[in-house]
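Working notes, structure below.
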Amino acid sequence: MTEHFPALIVVGPLLAGLLIAAAGWFNRKACFPMAGLTLLWVLWMCIGLTLRVVTSGSIDYHLGGWAPPWGIAYRVDFLNGIVLVVVALVAFLNLLASWNSVEREMADKAGAFYSLYVLFTTGLLGMVVTADAFNLYVLLEIASLTAYALLGMGDGRSALSGLHYVFMGTIGASFYLLGVGYIYLVTGTLNMADIAARLPALYSNGTVLLAFILCMTGLFIKMALLPLHMWLPNAYANAPSLSASLIAPLTTKVMLYVMIRIGLNLFSPSFTFEISGLAPAMVWVAVIAIVAGSVMALFQKRLKRMLAYIVVAEVGYMVGGFWLGNRAAVTGAILHIVNDAMMTLCVFLAAALIVHRLRTDNFSDLKGLFRKMPFTMAAFVVGGLSIIGVPPLCGFFSKWYLISGGIIAGHYGFVAALLLSSLINAVLFFRIIEIGYFEPLPGSDGHHHEPPAKMDEAPLGMLVPLWAAAGLLLVLGVYSGDIATRIIQFAIPEAIL
Amino acid sequence: MFWQIDLLISTLVIICGIGALTVKDLLGAGILFGAYSFMMCLLWAVMGAVDVAFTEASVGAGVSTVFFIAAVFRTSRETKD
Amino acid sequence: MDALLSFVIAKYNYWVVVLLIMIGLYAMIAKNNLVKKIIGMNIFQTAIILFYISIGAKKGATIPITFGEHGPPVAAADFINPLPHVLMLTAIVVSVATLGVALALALKVFRQYGTLEEDDIHSQIRKE
Amino acid sequence: MKSIALTVVLILGCLLVYVAQEFPGFGDPGAPANVHVSPFYIENAMRDTAVPNMVTAILADYRGFDTLFETSVIFTAGLACFFLLRVIRRRAPESRLYRHIPTDLTIRIEKGGRLPASSAEFQRIDSVWVPYDLIIHMTGRLIVPFIQLFALYVIAHGHYSPGGGFQGGVILGAAVILFALCNNLRMTVRRFSERTNALLCSLGVIIYAGTGVMCMLLGSNFLDYGALAGLLGVDRIMARSHGIMMVEIGVAIAVNAVMVWIYYNLSSVGRQDEGL
């Protein structure tokens, strides 16, 4: 059965999502265990696939038994092996934490929530594994539709910000579709390997350059690179906190993976970095994204909006790292995809627990949180330190690769932006830690002293996955050395020196 | 005979498209949008894409217009722009 | 003059596609009413579908349905390229799905704010 | 804001027009798209799958995986509309309108008061939509069965004529929506309840994915209908044709149920008591 894994990774959760939606109508209690078992099984398959890739090289799977240019092919190699594991791991950990808040907020629609949750994971896993340009669009649409529904479900402004996300997401996906249409117009095929074989003869053709620009613009809209990021802060801040903690770590990272896949494998590295002439401009766009994203995070009054702007800044890290073009920077970008997904999950999950307990995430209401919710805040501190880039945790190592890549490429603007952003992150997180540490100020009349708030921690079911995510940051930090050497090093084609 | 029909239907498509966006009453916009979808279905039928034309006729002109009218009916008909 | 005319006539379908893309994109960004934005979104998607179909068009070829087992031998030049049609069946279904979700969100916005005009909603949000 | 949008769109338009000069001419047979991959489909579709309609052959067999996810996109849209709009906890309706049939009087009952549904003299009418209209009601009742018959024809003849799972499913859904338009939504929900609708959605896509998994269990790759030859007792080519048929039926069931489900939730904004 193991040789069917590439198809089972996607078809398994799809079937499970359908069964969960049907089971939602019979007894709601069965939905959560079904979803949990499915994602655990998917995680086990992903790890099995990645180990097989590390031992015996990349795996090809022909859907429907037809050879690639005619049928659709799936391909698992070094680049998407590691991303597969991260997507499955983040989805599984977040699902464990979602039981309590789903029971409270949307109890009677639990079947639909878990079905959309598993279908979202299916869409992402399919996007990571597919080797067909148009199939990637269809899976992109599944992931986007489920994200629109999950994000639009909150109260208050979430419907409006969900609608803006629908418009921007559709523009992004349609630009990608138009880009694939241009590629199909000049090459006549849709399989990525076949396109890569036929494109070099056409590099002088203007259509190929415009196809490249359109595909990339579509992906930049979907990953919220700075000038096109307007939809992200509202969409993630107003969403139900468990949907945001699922979608924030994953959507932008898988879009970055697709950008790297298209940049390296569809269009050859020589086209992406030299012929297209976009690389220098893109690095400066990334520098602006990093600085502006971090600065805007400073002005936010609510925890989840601040974290959303940090996600926008992190996207700048990876885009800048990739477009620098040298081996260290691209390794840093890929490693940062892995690390940043875990860091964002840890921090957003902590925010979800805080909102679950306090029902608000304004800074003024976070006073005395260390006494009330010590474990949640401890995990939040671990996530914050990792985002700042403190050595034992994983954030430091990928930032280290990015900075060394920037120095090798001699792009000191990028290095300066990274350091400035780390500084601003430090200010952001220590401000929250300071708010959380001090007791709430005595009331305005100054004389009544309420007793120090007793400890009412988030339920254990939400704390365990949060602490698992925080622990993983340390594990990833320790092993990031051999992740880079044994996996990512083979993922980057030799053309990049 | 081939490209004259194509040109005629293309202009009708563009007229219906611009009309659907500029008319002030949303119910009219929904109906014009149904006409736009149907013209697009004709254009594809002329260009030989019969399966796509059939789908656009049933999905685009048919069900999308019903969803539009249902949504406009549940909100308000007049708009400012 | 006839060079320009032949140039325009040779690819007129692509000009229609570009015009519709511009109309749809402008409506999505600049229109004030949310339902008008949804109409613009749908026009933008059908324009890209038209682009794919005009890639597959072939002069002097018939619709992509053969005559069954006993028909004449099948030559590739006689039939229109069926691959874009398959891709566009998917794109039409995706555009209806997106339309359904966008209208559902628009109804939720109307239930929340009582209006679908972008500027009225933002003034209400600023008052909160 | 409008001027920025206009300039951005004009710049994009000029870029697209400028690059369109290098396109191969519209409709010339020598274009790369018509030369590289599609000749294989045109020449081999009939030989491999015994399906004259090439688009259906490619849709369900060569690129069947795309269509599986296309069907799950439609399923996701139906589930998303239910998830976003449906209001399950019954809030007491503000006021209800009843029509006294013998005297044609309409009475309004405030806050939660209601008459027994089975009362012969009173008939509940929608407070929103047009009153009872004989012409629409009668023609609706006449047309709906023929629409459904035509829809089944379209599904069954997807192999030979333009049509197939999607078009047939939408027409089936349109028949139910026409019935809901002619009568009121409550009658339609009583005939075609939301629960069976939701289960049919899942069933349709499960049929599609189940056929693929069955091919996998019989030893070949996912969605390789040739493997069904042993099960169906026909040679590999006819097995592919029957596989396409099974998949089209699954798609039709799913699309029909989704269209009706989205209509239920959109037209009544989730309360499913008074629709269009």
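The chains carry the letters A, B, C and D, assigned in the order they are written, with residues numbered from 1 in each.
One rule holds in what follows: a residue touches a chain if its C-beta (ideal position, glycine included) is under 8 Å from a C-beta of that chain, and two chains touch if they have at least 3 such contacts.
Every value quoted in this text rests on a predicted model; they were computed, and no experiment measured them.
Two chain pairs are in question, C-D and B-C; the one with more C-beta pairs in contact is C-D.
Averaging C-alpha coordinates per chain places the centre of chain B 19 Å away from that of chain D.
Centroid to centroid, with C-alpha atoms defining each point, chain B and chain C lie 11 Å apart. Rounded to whole angstrom units, the spacing between the C-alpha centres of chain A and chain B is 38. Looking at chain B, residues 50-51, 55, 59, 63, 67, 70-71, 74 sit in touch with two or more other chains.
The multi-chain contact residues of chain A, meaning those touching 2 or more other chains, are 134, 138, 141, 145, 148-149, 152, 159, 184-185, 190. In chain C, 12-13, 19, 21, 25, 54-59, 61, 63-65, 83-85, 87, 89-90, 93-94, 96-98, 100-101, 103-108 are the positions where the chain touches two or more neighbouring chains simultaneously. This structure has the following touching chain pairs: A-C, A-D, B-C, B-D, C-D. The part of chain D that touches chain C in the complex is made up of residues 1-2, 4-6, 8-10, 12-13, 16-17, 20-21, 23, 25-29, 31, 33-34, 37-39, 41-43, 45-46, 50, 52-55, 58-59, 63, 66-67, 70, 73-74, 76-78, 80-81, 84-85, 160-162, 166, 262, 265-266, 269. On the chain A side of its complex with chain C, the touching residues are 134, 138, 141, 145, 148-149, 152, 156-157, 159-160, 162-163, 166-167, 170-171, 174, 177-178, 181, 184-185, 190.
Across the complex, chain C is touched by residues 2-3, 6-7, 10, 13-14, 17-18, 20-21, 26, 29, 33, 36-37, 40, 43-44, 47-52, 55-56, 59-60, 63-64, 67-68, 70-72, 74-76, 79-81 of chain B. Of all residues in chain B, those touching chain D in their complex are 50-51, 53-55, 58-59, 62-63, 66-67, 69-71, 73-74. Interface residues of chain A facing chain D in the complex, by the touch rule stated above, are 4, 7, 11, 14-15, 17-19, 21-22, 25, 61-66, 69-72, 108-109, 112-113, 115-116, 119, 122, 126, 134-135, 138-139, 141-142, 145-146, 148-149, 152-153, 159, 184-190, 198, 205-207, 210.
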